[in-house]
Amino acid sequence: MTTLTPQTDASTTDDPTGFTALESEVRSYSRAWPVVFDRAVGATVFAEDGTEYLDFFAGAGSLNYGHNNPRLKKILVDYLTSDRMVHSLDMLTTARREFLQTFRSHILEPRGLDHKVVFPGPGGANSVEAALKLARKVTGRESVINFTNAFHGMTLGALSVTGNSMKRGGAGIPLVHATPMPYDDYFNGDVDDFQYFQRMLEDAGSGLNEPAAVIVETVQGEGGINAARAEWLRGLADLCKVHGILLILDDIQMGCGRTGGFFSFEEAGIVPDIICLSKSISGYGMPMAITLVRPELDVWEPGEHNGTFRGFAPAFATASEAIRTYWADDTLEKDVKAKGLLVESHFNSVVSRYPDHELLAKGRGLARGLQLPDGELAGRVTQYAFEHGLLVETSGPDGEVVKLLPPLTITEDELRRGLAILDEAFDTVLG
Amino acid sequence: MTTLTPQTDASTTDDPTGFTALESEVRSYSRAWPVVFDRAVGATVFAEDGTEYLDFFAGAGSLNYGHNNPRLKKILVDYLTSDRMVHSLDMLTTARREFLQTFRSHILEPRGLDHKVVFPGPGGANSVEAALKLARKVTGRESVINFTNAFHGMTLGALSVTGNSMKRGGAGIPLVHATPMPYDDYFNGDVDDFQYFQRMLEDAGSGLNEPAAVIVETVQGEGGINAARAEWLRGLADLCKVHGILLILDDIQMGCGRTGGFFSFEEAGIVPDIICLSKSISGYGMPMAITLVRPELDVWEPGEHNGTFRGFAPAFATASEAIRTYWADDTLEKDVKAKGLLVESHFNSVVSRYPDHELLAKGRGLARGLQLPDGELAGRVTQYAFEHGLLVETSGPDGEVVKLLPPLTITEDELRRGLAILDEAFDTVLG
Amino acid sequence: MTTLTPQTDASTTDDPTGFTALESEVRSYSRAWPVVFDRAVGATVFAEDGTEYLDFFAGAGSLNYGHNNPRLKKILVDYLTSDRMVHSLDMLTTARREFLQTFRSHILEPRGLDHKVVFPGPGGANSVEAALKLARKVTGRESVINFTNAFHGMTLGALSVTGNSMKRGGAGIPLVHATPMPYDDYFNGDVDDFQYFQRMLEDAGSGLNEPAAVIVETVQGEGGINAARAEWLRGLADLCKVHGILLILDDIQMGCGRTGGFFSFEEAGIVPDIICLSKSISGYGMPMAITLVRPELDVWEPGEHNGTFRGFAPAFATASEAIRTYWADDTLEKDVKAKGLLVESHFNSVVSRYPDHELLAKGRGLARGLQLPDGELAGRVTQYAFEHGLLVETSGPDGEVVKLLPPLTITEDELRRGLAILDEAFDTVLG
Amino acid sequence: MTTLTPQTDASTTDDPTGFTALESEVRSYSRAWPVVFDRAVGATVFAEDGTEYLDFFAGAGSLNYGHNNPRLKKILVDYLTSDRMVHSLDMLTTARREFLQTFRSHILEPRGLDHKVVFPGPGGANSVEAALKLARKVTGRESVINFTNAFHGMTLGALSVTGNSMKRGGAGIPLVHATPMPYDDYFNGDVDDFQYFQRMLEDAGSGLNEPAAVIVETVQGEGGINAARAEWLRGLADLCKVHGILLILDDIQMGCGRTGGFFSFEEAGIVPDIICLSKSISGYGMPMAITLVRPELDVWEPGEHNGTFRGFAPAFATASEAIRTYWADDTLEKDVKAKGLLVESHFNSVVSRYPDHELLAKGRGLARGLQLPDGELAGRVTQYAFEHGLLVETSGPDGEVVKLLPPLTITEDELRRGLAILDEAFDTVLG
């Protein structure tokens, strides 16, 4: 979700980009960045007129390994030129087997996980829909707990556990079967963790429908880069265990190394019952999603959930190569954490430069945010950045957080260059 | 949906393909076709041991122009090797503009349509979810009419308008806000078209919630290759107009030339308010979907519906090339109809060979089905076909229809070869 | 429901009756009959100025034994003056035991029924809500089938199975978990009974949620005095049995002798699983309702359904006396049928007098209707009747049916007198 | 709701009371008090064998003026013997006018209220259903906020805002469109009032559906005699005003003087938008309910909500007399408060006698509770009381609160006598 301050819409005048007459008004990013992009390499995007932009957005977290990563590109082009299967539904393919085995050997086994893989469809929302279905089937309950400012997707099931009121309003029907609970630090430390949730669960008269599952993000990206503490996540996992509630971890934006480890929940030491992955799982920005389920929960009937694009095999090929390349050791993980600290220190210095503005530096790994007093100010920051060659978006309920999701493979030099533009932007807007 | 008779599951013995231990039990096609596929060209798929299979399935309608179509492949590989944008959300890109302009000039304008394009996400279900949302927003009503044996997708909104009870059961919550009406010929001609629907609409005491929209397929693929008559579709469009109900046409499986014309509704001469396309729209089996909306219905707020993979640009590149290649004139359309008649005549001869079996030849264009008395017999036919080198699936509520969706670009020779295998299969099973 | 043509609302001028300023705009009968009533005996109601009205309305079927029936009045006054329990929830009382035993000996046993009695609360809607709850609990399914133009009550559960769109709209939330099916003769004989319903049940791909129960009236009072044929009711009962669906018979308005027998379904020879009674069950117009359930369905937890006024004991006292008085033999039953035929023959003569008006005589027993071309004409008939001393209302989706529900105990002379007024009214309006 | 420890069910042996074979298993009070009651006067109930019981239960708050109150009885018997209208739907009657005028002059006007009266049906649940419908219609929103441990009734709409999980489970369908919020002191003072609710309302990303209304009790009777503080109620009213949410006050059990003033919210000085009254409104334990709505909210269509027993006129007659008798001055109000303090001081002495048992004295006016550590102990107290001639029930999620609702007109002597039995009971159980 971008909440950048929109440009004057070209459509009302002369439609210079040629899109307005053809494409629906629902488009959003194109309003904030009204140029036509053409090529992209690593952390750099090129407009068709040749203008370069440094990319601190990375496909909303879908390009953790950068645009057109050369190693993955080679695999992909080889795959395609060899006429290997492109579209395969859930037929057995060599590419699917390679992915499953690589994911098992490089990701699951080293982390002591024995989850089975569901291919739920091409996008994150498919993964969430499959997770919710399975949790309801396993438990025989209908209700799900989500958290304030959660974002899980735009299909009806995923939308019902999403917080944003504008997006919810788009459903056109009441969104039910979900109850929001306060995310970590929702009350600025005034209230004990899970005080409300736990009390409601333990009180047979609370009126809370017994939940099938909790669905949670470790860091809420769209919600404003709200990073839950490890102890909060552990507390949540414990609460779920005590009450027989399944824990669904939506790692769509924060997985694949965004916070350091492959899974964002590793630091907390928890084992979710169901895990949703998408965005960067293919490594190349291609549509792919998986849902991981503990073996004892794998109670599906054959075909009880399916989808046409659940077997887009070129994505399996690049996914396998990305895992082999980046997750055979902990080099990337350490690198992400180091770069994250670099961003954090820059943000801290901005915060201390403007003590009167109640700024707040947020995030973990390379999911970072700087919260401003309101969305208007944050929008001016990202607008300045765009005008100076940096793509960065805002998030949060009011668009009040400048949100950084650079490629994990960005060079330190690029990172510093982008931060310097942001520093100027903050000084210009806040100074 | 495949409903082929499953093989003995390797998982219970020795898992020779190596998938069972890793992938969820939800997999289905792989149970009917327990070989590992590797490469594919045109209408032929190759297992890793080199065995060839003729493909009368075509990715459930996603590969209308065949596997790894060389013309599209060239465009795709060029696109990728030039480092052009792969992942773009709804940012403006040269590839998106090219697609929008090509789609307008080659598809919409020649057919007198002025619909605007929504990019709803990567798959057909996203297109359906967007259509339902928009119809509810425009009308302020919540209820939708779907048809018996409809299939629209597996996300919660799309599933609620889908007929299959096993798939519906997977939702784990009551599927509401939709009322099924009888599809064309549901009563074998005994009842006037729309007798029930019309009466319910006109009776203020009927208890039918006033519908926002009707969602319909012109030919129900998953439902058993049920082809609605043109006059039924026109009657439906008229009924919608009279009652202020939006007409959503789900052309995901039957569009892109499957029945002859680019849109399957062209023959009926109707103009749907909202059109869903996916499957073969990219031309290359890549995840892509669009939703077409009449301009006056384009009332979205920016970002009110969105999705991470709604801007997978390589798919736009192949989609543009596919349109230029196959839809600049009516060659393909004529070709599809001619091949369709060839299949029809083969099926008719099977029907007349076995007058006691109540066989029924069904379909339109290259969406063809032969209905058997039950799913067990149909499964034996497709099983025989697989063992003799032909991939073909079943559909229908009981899997009783042998369903043919060959690539539209299949050669006449290939088509005859496949039909000959099927003829043997029918003779073996029914003889 | 009355749909009489409203008088000019006094509230807009001078509020002569003194109600407008105090009572909500939701009031309805008082708009059609803008006089203040005070006393009532048998089939006669007296306004405070002494004007007499003959009552062909009988509290919408709540006064089958007439206003202030002397035999019941004696029992009631004795009960009250003896300081016997008035309010008892579900405590054991002598009055409750007397009712249960009398109901068993005089009603259930002679008809071969062994249903157990639930006291669900004071009104018909409570009985329906209890029936729906129990059917869902027993079957574990959520969906219910109702019929076109059904009326079952105004609480949320009861309203969801009611047809009238204005009343449904009052819910303010989508009414779901119910699917309407065509009532008997909905298509004027053009369609086989249950053609649609049966086909939907038998087709696993129909999209119809598997129903817990069917809820049906034998004669739809509010729906326009639509009387189902006995063979249709038997067919429905058979269909329910075959598909494991519970049959809920709402006998709230048509029970207690309205159609002749104590239960209106006796003629059809069916045994419903659950039976709802209210309105005339107390015999004196006092709030009382019961729900009868087959013993094997009595799976409630203690207190799982309850209600403050489920033990209004004076109503039990009059109910027992009414049963002893009117249901010890078949005198009343024969009498009702004879009077019903008298009404029928009058209505038939009206129909034949006005062959161009497409009039239709409807009903069974003393539930009778004459259907006019539209609600405006019917309203003029009832308005004329009121002005000439007869209370009679309209029903049907458009208020197009003049609906007669006189007390069963009305004298033949009174009945003829009222019919004469109606004859004049028809002649005046149609002539 | 009673949660008394059940007696061994006679049904399993010989059914001495004769009810088991006839009445559903859903009965509850009769399990705790397995005697057959016959007569009742004031605060005394007589079993059929003549045994006397002092009544601290009063029809769950429906008998505030005692059983068979002689003044009301005279009015009622006169009404009935004069053949005045008994059943009147919403026809204008002299009895209805008298009630409306008396209610206006004695109750509304002295309190500065100008609400209009809806007659929603015979019971409290009807009043709640009407309130919810109207709030949704007025606001165009679907969601309602209820509170932990709320009880509002057993019909589907009322049940959806009720807390008790056993009762909710009886619905058989998911109860949605309502979100529970913590009632006053839910966290024992650890959390600021409305911290959670207010934060959710103000955060556009909270995921809380925008509420049409809040429904609240000032003292939760079934919930365990939880009395909200006046400042909490004022805070709630303010919050509703700020956010445009309607405030529905369910005064069904706590109104009609139970806490002192006629309305239980008077002390807090708030003016609810919609008020639900039932139980003691007729004054005689007869089924009657009203819903009061601010005039500007009275947007109903005629007949948009209705019900067969909304005009049970004898109840209007006793209601009018009860108001004239008890609410012409503040004698009763003062008396209730004094008696309440008497109970409170007794309960406080019990609490201090057993400091190790974490007892808690709760309530306001003559709605009083003594909370024990668990329901088993509380059940033993009420069981002891019953065996010693005192009817008193428990409430609370675990039945852990001994709940006193004596008639308001109980004599001080009777009150002391009952409290003495309770003292013995506490000493026996806790000592």
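Things worth noting here:
We call the chains A, B, C and D, going by the order they appear; numbering starts again at 1 in every chain.
The working rule: a residue touches a chain if its C-beta (ideal position, glycine included) is under 8 Å from a C-beta of that chain, and two chains touch if they have at least 3 such contacts.
Here the structure is a predicted model, which means the values were calculated and not measured.
Comparing chain pairs A-C and A-B by the number of C-beta pairs in contact, the larger count belongs to A-B. Because subunit B and subunit C share one sequence, their contact can be compared position by position; here over half of the interface residue numbers appear on both sides. For subunit B, the chain with the farthest CA centroid is D. The distance from the centre of subunit B to the centre of subunit C, with each centre set as the mean of the Cα atoms, comes to 49 Å. Centre-to-centre separation of subunit A and subunit C, using mean CA positions: 58 Å. Averaging Cα coordinates per chain places subunit A and subunit B 30 Å apart. For subunit C, residues that reach two or more other chains under the stated contact definition are 142, 166, 173-174, 177.
Taken in their complex, subunit D has these residues touching subunit A: 142-143, 146-150, 161-166, 168, 174-180, 182, 186-187, 190-192, 195-196, 199-200, 203-210, 223-224, 396-398.
Residues of subunit A that touch subunit C in their complex: 173-174. Taken together, the subunit C residues at the contact with subunit D in this complex read 1-3, 6, 17-19, 22-31, 33-41, 45, 48, 59-60, 62-63, 67-68, 73, 76-77, 80-94, 96-97, 100-101, 103-104, 116-119, 121-126, 129, 132-133, 135-137, 142, 153-158, 160, 166-167, 169-174, 177, 212, 252, 278-279, 284-287, 293, 298-309, 312.
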